[in-house]
Amino acid sequence: MSDIWLESLRTDSPQDGYDLAIKLARMAVKLTQPDAAVREQLREGYGKDFQALIAVSGVVGTYFQTVAAANDYWRDV
Amino acid sequence: MSDIWLESLRTDSPQDGYDLAIKLARMAVKLTQPDAAVREQLREGYGKDFQALIAVSGVVGTYFQTVAAANDYWRDV
Amino acid sequence: MSDIWLESLRTDSPQDGYDLAIKLARMAVKLTQPDAAVREQLREGYGKDFQALIAVSGVVGTYFQTVAAANDYWRDV
Amino acid sequence: MSDIWLESLRTDSPQDGYDLAIKLARMAVKLTQPDAAVREQLREGYGKDFQALIAVSGVVGTYFQTVAAANDYWRDV
Amino acid sequence: MSDIWLESLRTDSPQDGYDLAIKLARMAVKLTQPDAAVREQLREGYGKDFQALIAVSGVVGTYFQTVAAANDYWRDV
Amino acid sequence: MSDIWLESLRTDSPQDGYDLAIKLARMAVKLTQPDAAVREQLREGYGKDFQALIAVSGVVGTYFQTVAAANDYWRDV
């Protein structure tokens, strides 16, 4: 886990920024539960749990705020 | 899911910005649970669950913060 | 639901801004559960559920952040 | 409930701002559950529920962000 | 509870700011549940509840955002 | 716990900033539950609880907002 996975918060487009937000949200999960098999098993559960899906969206939204600000909201795109 | 669905955070009006916030909130759910049939089934459940509806509103509010900032709060509209 | 319900984030006073935040919070619920009868039924439930009432206040607070920023915190009022 | 209860977000000190944040947090509860007797009953419950107390603190923190920004963080005090 | 407990949001260092964020987070609990014996009892419970501990950290993070902004992120330290 | 553990919010890269956000998120847990053995036991539980893992990610995201702002989003990196 010592690899570089986040070189910059800049992205070319809002959609790329959204994808980065998802990556940032997932990385905290990965660092807390490093076992990929366990994560895969959990995913089956939360993919069918609306409380969890809503919470996932809220978490992505929190990271997206940061990524969007870092890109000045892609005003120049 | 490789299509372009988010070209810009700019919208013509606050209400369009609100609609975009809803779209952003839903997309995280869609990307986490890509099966439309499962999502449709879940929707019936959370549409009658007040905790979930309140949480949905909070998530939309998080995205709306970003969209509103991206549009300078539509001060010129 | 195609009517214009949000023309501007500007309000004359902080209190009007607070009311707008409540409107914004409710609209996400309305758009997710368009059936007014269902919403009315749910309201009876969450009006007596302190977890839900606290959550409602948090959601309104999220929207109020946006409305307050849009009005430069009513510094000139 | 048509009275003026929020004239300004400006306060003389950070502590007054904190008190205002509490007031803002409570008002959303009051407007959602206008029956004071019901609220009083609920308060007994959530005063002994740590999940609820933690949530209350988070909600106050959300409003405090807004009040603090409105006062430029009381840098001149 | 009429004493002055919050004179300023300025602190000498980020760590002092973090401590202030914890103080701000706790004060909302204290003001909602003024009985110290009840709070002490609750603490035993939430200290062993991971959902609660995670929530506590999120609440402190909310206050820390405000304190950090108030100190311009201690850029000059 | 009187040691200095947070000297600055500045980091050399976004990834270091993310790591700092994790540290900040964990420290609130540590200060609330100082017993390392208890924390270790809880970790086994929440590492298999998707609600908790999602919540952890949200909390890290809250701190990351602050760290990212403190570093001007590493625009010069």
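Read from first to last, the chains carry the letters A, B, C, D, E and F; within each, the first residue is number 1.
Everything below uses one rule, namely that a contact is a pair of C-beta atoms (placed from the backbone, for glycine too) under 8 Å apart; a residue touches a chain by one contact, two chains touch by 3 or more.
Everything numeric here is computed off the predicted structure, so don't read it as measured data.
In terms of the stated touch criterion, the partners common to subunit A and subunit E are F, listed by label. Farthest chain from subunit E (centres taken as the mean of C-alpha atoms): B. Put simply, the chain farthest from subunit A by mean CA position is D.
Of all residue numbers that take part in the contact between subunit C and subunit D, under half occur on both sides, making this a different-residue interface. Chain centres here are Cα means. That of subunit B falls 16 Å from that of subunit C. Each chain gets a centre from the mean of its Cα atoms; for subunit A and subunit C, those two points are 27 Å apart. Annotation for subunit C: residues touching 2 or more other chains are 46, 51, 55-56, 58, 62, 65, 69. Taken as a graph of touching chains, this assembly forms a single closed ring in which every chain touches exactly two others. Partner subunit F is touched in their complex by these residues of subunit A: 4-10, 24-29, 31-33, 38, 42-43, 45-46, 49, 51-52, 55-56, 58-59, 62-63, 65-66, 69-70.
Subunit C contributes residues 13-15, 18, 22, 46-48, 50-51, 53-58, 60-62, 64-65, 68-69, 73-75, 77 to its touches with subunit D in the complex.
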